[in-house]
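What follows is a pair of complexes built around subunit A, which joins subunit B in one and subunit C in the other.
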Partner chain A sequence: MTWLLLTPALLLMALIFGWPMLRYAWLSFHANSVLTGLVPVANGGANWMRLLADDRFWQDVLQTSRFALVSVTAELFLALLIALLLDQRWRGRGAVRALTLLPWALPTTMMALGWRWIFNTPYGPLEAVAGFVGLGPLNLMASPQWTWLATVVADVWKTTPFITLILLAGLQTIPADLYAAFRLEGGRSIQALRDITLPLLLPYILLSLLFRLAQAFGVFDLIQVLTGGGPAGSTESLALYAYFNAMRFLDFGYSATVMLGGFLLLSLSILLGALALRLSGALRPLQP
Partner chain B sequence: MNRRQLWISLLLLWSLAPMLWQLISSFTTTAALVDGGVPFLQRWTLIHYRQLLSSDPPFWRFLLNSTVLASASTVLTIALAIPAAYGLVRLPQRWLRVSRALIAGAALFPYVLLFLALLELARSLNLGNSLLALAIPYSALSLPLALLLLTAAFEGLPKDLDDAAKLEGMSLVQRLRWVLIPLIAPATASTAILVFLFAWNEYPIALTWLSRSEQLTLPVAMARIAGSSVYSVPYGAYAAATVLGALPLLLLVLLFQRQIVSGLTNGAVKG
Partner chain C sequence: MTIGRRTLAALLGLTLLFSFGLAWSGQRQIQRVNILMPAPFADATAELVQRFNRDHRGSIALRVTRGPRDTESISDLAISSLLLGSPPFDALLMDVTWLAKYAAAGWLEPLDSYFEPQEIDALVAGARLGNHYDGVLYRWPLIADVGLLYWRKDLMEAPPRTPDQLSSVGRRLMDDGAVNSGFVWQGRQYEGLSCDFVEMLSAFGGNWLNPQTGEPSLNSSEALEAVGWMRSLIRDGISPKAVTNYSESESLQAFKAGDAALMRNWPYAWAELQKPDSAVRGQVGVTLMVHNAGHQPAATLGSWGLSLLKGSDHPQAVIEAIRFLTSPDAQRERFRNQGYTPTDRSLFRDPEMLELSPILPDLEQALTHAVPRPPTPLYAQLSDVLQRQLSGVLTDDLAVDQAMNKAQINSMTIVEAAGGAS
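Let's turn to the complex of A and B:
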């Protein structure tokens, strides 16, 4: 009976999560492109050899990692500050929390183009400010060196509220008595942050890190609309490259290989990160 | 203004300024958008909104599409997730732990990687270009979060309750309908609103499944307005579209703030 309740949901998840991975594994050992008339033809490990030697793939791996690491770090730092602010008691806190949640709730594509307008040269407000303080023209969206920062800003704007909520939930589990006792002992509030808040918040920090890193590694919507991967491929992410391979170059075998390769790298780095955390003993206080 | 008020103002400025800029742009004439020298009183217009509503298909069509699809996905997800979550909770402890780890893994998975295989699936099952068919992948993608939230809710109920109802001779369907589902209503509401937001905002799969313009969802329609060239984007019309598209979400967030917050935090913390 229990199984009967579970079966529909499990079958659907197996179809949507499981089947694609099997299909990619199979496709990655086949040529399936315009050249083969879109009919899969086994080609041994040719796709994988091509991936290993594909400079664009490795450049995208670096760019995607840079994007993920920098934006998630910035989000975490900002979210911590905002959560500390929202954890205090003041009037209108609920309304402010709702308003700060808005960027997270809007579709990414919608505000991605909004940001393009803000970063626009010469008409956007950013250029106006830069010109006013004598920095302009920035030409942010046309500079292969700096455009990735625009994608980071837009991502930080959108996803900081998510981490803020997680950290806020964590802060609210810390008993106020702890702080009172600490103050009685003559501790200063900055020390309380270091000695009480951060250690007790660590599980929540790690959790949001894990979740956001995995999501940021798959970044697609934001980049596709904000920069299209440009200028000169300098903001292209792995997911966007896989998308181009499938939808623009119609090379499905290689697209599958790119996605599987990216996924393997992501899983490997998460495993290594978890292992390093465990070895370093940072998680010891969390274990029962 | 004390220090805290300063920080709060900065926070609000950072969160809202990009959207306010869209709001202002949407009422600004195309000429004034690219020329700061236009006198203040001659900068304002409703033309962008008028164009949006009279275009073919009219803009409200995309809003309607997204609303219909997001509602269908939410209903399907909840209908699948409630029995499954109940079933999961009744599994032996060890099985429950294993399946919960697997579900958390699926919740972490960057789902954009699935688009190619899902596109093949849509083609072979003849589901491409059908708006409602998108509810199938959307439900599957929402199920991990829904299951985490709802199993936590079922576990939070006193264990004797289900047994007592069983002793009263109630069947499983009756127990779910009259006892259990009403009790987990808050968690269900949180789940539903999060699934709705996900389905409303989803982009890569809708982008590859839909091509007929009257079928497009809002995110895809937005990206299509963005077009191919960086320079020819009709920003005024686009800003107006952003404002109209944001209004329903503004309403949702303000109305369901509590459910969204508890759903997100419980989903992350208990999962």
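Let's turn to the complex of A and C:
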């Protein structure tokens, strides 16, 4: 009976997730490019051998991971602070809660264009401020060492509200009498944060981490509009590289390999992360 | 109330008559032609389309679909619809760099049977390039386009001719405080950087692909010299550091504001510089990019043209629309209203046209030096690996020889994977 009820959901999953993955896997063992007249021709493991030897793929793996880890970490800390603040009672809280959602509601391409202007040299406001305090022209968007930080800043600005929302929802599920009892026992608020809030919030933190990491590893639109992958390829993400291969180079076999390679690496690291969490016992509060 | 048999029969009769009428009118159906263009070109042809539809009422209905403004975005849109099989478009306005790729993918219909050789001869030199792949005509030019050097007539007697002259005149004008920057161009990691590179490479006598073997020659001594010069422009401050993130629009902005003495850009910039909000209105000349003595100057071939897509239901009607949109009258109108460079040779000598724009002779001269980017289906890959390395050099991340060796190796890998020289 269980399986019967699950069937529609499983079928849907197979259709929207399973089939494309299988198709990608199949494509990754074929040459299918403008040179083959866009007809798939089996080429054994040639695409995968090329992937292993492709500096650019590995560089993009590192760059995408750096982007994802740094921006999601920053977002989590900021979101926690903001959520704690928005959970307190104060005048005008409702309006501020609504306003914090604004960046999240903006289309990514539009906000990326906005940031491109903010970081623009020499006409952007960032340069104006830097010039005012005597830091001279920063040329943030033309520095292979630092441009990735601009993508992180834009991403943090945009998606912190998303984590804030999840954490705020989590905070509201914590019963107020827990804090009251804690205070009666003479506990201080910083201890309450450590002993009550954070442990009970953990499922929500993990949930938002999962959502955001998956999203950040697949980052495309923000990078495409803000930097186009430059300068010197220093901000290119895996999704951008796969897109270049498919839409610009018309090499669908290799594009599928890049995407799948990235997916496998991500799955592997999530699996290892989950295993480490389980072994370390950090998930104990979650167990029933 | 009952409906009489007679009424019913009459109704039935009328219905029958009506459907016959529909079927008959379907016989001489209007031929719908849909052309995809980037928004600025679509806007520039709006009036022409209206006129075409007025003249062809009842036979052809032409529609121009406004696509995205950005060259890469519109290519993405076109490719997505082409990949799905039956594109909703009959023709496409194509950038010169797409041609080989689209033709090799089998998306384009040959045009040789529709256009006469004399018609090709009537085109200005630069407009004759970039329309063929493997000797087959796939594109009919709508707009000629080449890279130009813009110079400030109020700051110098004559434009610089050699790379050294350019550097020194830029430096002098900056030292005098006349401008903030000597020379602005396109240094962002994108296609514009490849366009600039083609011109500067030629200035030092180099070629992207070796003309004999067809193989990449990006680490030739000429190429190293050219890239070294590009980097020195930024290192010596003749071009601002920000140039490494400039596309055409940022360069134009700086030059239009009077911040720079020289600019590399396309012909469209001239009309922009004559607008009332321009600080350099009436003080701008155009010429060919600088080059060392003994070498050919090069103007990178841009240009847009119309291609007939495979699978169009009524190619004859599409060709009629293409002929109309590319006719000398249409070119004259686009030149007058939007400043788009014509493709018909005779228009460059036309007194009315010359009155509209004093730079037409300079444009014609530049068009005779038009140099296409490598016309291979693999161009996008080749350009991409080059841009990455150039961007690395310009942002001071990489040494010139190291970067160009890398670009050479990566380009060779691409060409070899495709089965030898392209």
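Everything below uses one rule, namely that the second predicted complex is superposed on the first by the 272 of 288 C-alpha atoms of A that agree within 3 Å, B and C clash if a C-alpha of one lies under 4 Å from a C-alpha of the other, contacts with A are read in each partner's own complex, and residues count from 1 in each chain.
As a convention for this text, contacts are C-beta pairs under 8 Å (C-beta built on N, C-alpha and C of every residue); 3 or more make two chains touch, one makes a residue touch a chain.
Keep in mind the model is a prediction, meaning the values are calculated, not measured.
Trainee: In the superposed arrangement, does A:Met141 touch subunit B (first), subunit C (second), both or neither?
Mentor: Both partners, subunit B and subunit C.
Trainee: Just subunit B (first), just subunit C (second), both, or neither: which does A:Ala232 touch?
Mentor: second
Trainee: A:Tyr179 in the overlay: touching subunit B, subunit C, both, or neither? Say first, second, both or neither.
Mentor: neither
Trainee: Given the superposition on chain A, which partner contacts more residues in subunit A: subunit B or subunit C?
Mentor: Touched residues of subunit A are more numerous for B.
Trainee: With both complexes overlaid on chain A, does A:Thr121 touch subunit B (first), subunit C (second), both or neither?
Mentor: It touches subunit C, and subunit B stays clear.
Trainee: Check the residue A:Leu12 against both partner chains and state whether it touches subunit B (first), subunit C (second), both, or neither.
Mentor: A:Leu12: touches subunit B, not subunit C.
Trainee: Regarding the shared-chain residue A:Trp48, is it in contact with subunit B (first), subunit C (second), both, or neither?
Mentor: So A:Trp48 meets neither subunit B nor subunit C here.
Trainee: Using the touch definition from the top, say if A:Leu250 reaches subunit B (first), subunit C (second), both or neither.
Mentor: The answer is second: A:Leu250 touches subunit C but not subunit B.
Trainee: A:Phe29 in the overlay: touching subunit B, subunit C, both, or neither? Say first, second, both or neither.
Mentor: Neither subunit B nor subunit C is touched by A:Phe29.
Trainee: Taking the contacts subunit A makes with subunit B in one complex and with subunit C in the other, which residues are shared?
Mentor: 120, 123, 141, 228, 247
Trainee: Under the definition above, what is the set of subunit A residues touching subunit B in their complex?
Mentor: Residue positions touching the partner: 1-6, 8-10, 12-13, 15-17, 19-21, 23-24, 82, 85, 88, 90, 94, 96-103, 105-111, 113-118, 120, 123, 125, 128, 141, 157, 161-162, 165-166, 168-170, 204, 207-208, 210-211, 214-215, 217-218, 220-221, 224-225, 228, 239, 242-243, 246-247, 252, 255-256, 259, 262-263, 266.
Trainee: Flag every residue of subunit C that touches subunit A in the complex, lowest number first.
Mentor: 72, 75-76, 79-80, 83, 101, 104-106, 187-190, 240-242, 244-245, 250, 253, 377-378, 380-381, 384, 387-389, 391-392, 394-395, 397-398, 418-419
Trainee: Residue numbers of subunit A touching subunit C in their complex, please.
Mentor: Interface residues on subunit A, with respect to subunit C: 34-35, 37-38, 120-123, 137, 139, 141-145, 228-234, 244, 247-251.
Trainee: So in the complex, the part of subunit B that touches subunit A is made up of which residues?
Mentor: Residues 4, 7-8, 11-12, 14-16, 18-19, 21-22, 25, 33-34, 36, 80-81, 83-84, 86-88, 90-91, 106, 108-121, 136-137, 139-141, 143-144, 147, 172, 197, 200-201, 203-204, 208, 218-220, 222-223, 225-226, 230, 233, 235, 238-239, 241-242, 245-246, 249-250, 252-254, 257, 260-261, 264-265, 268-269 of subunit B touch subunit A in their complex.
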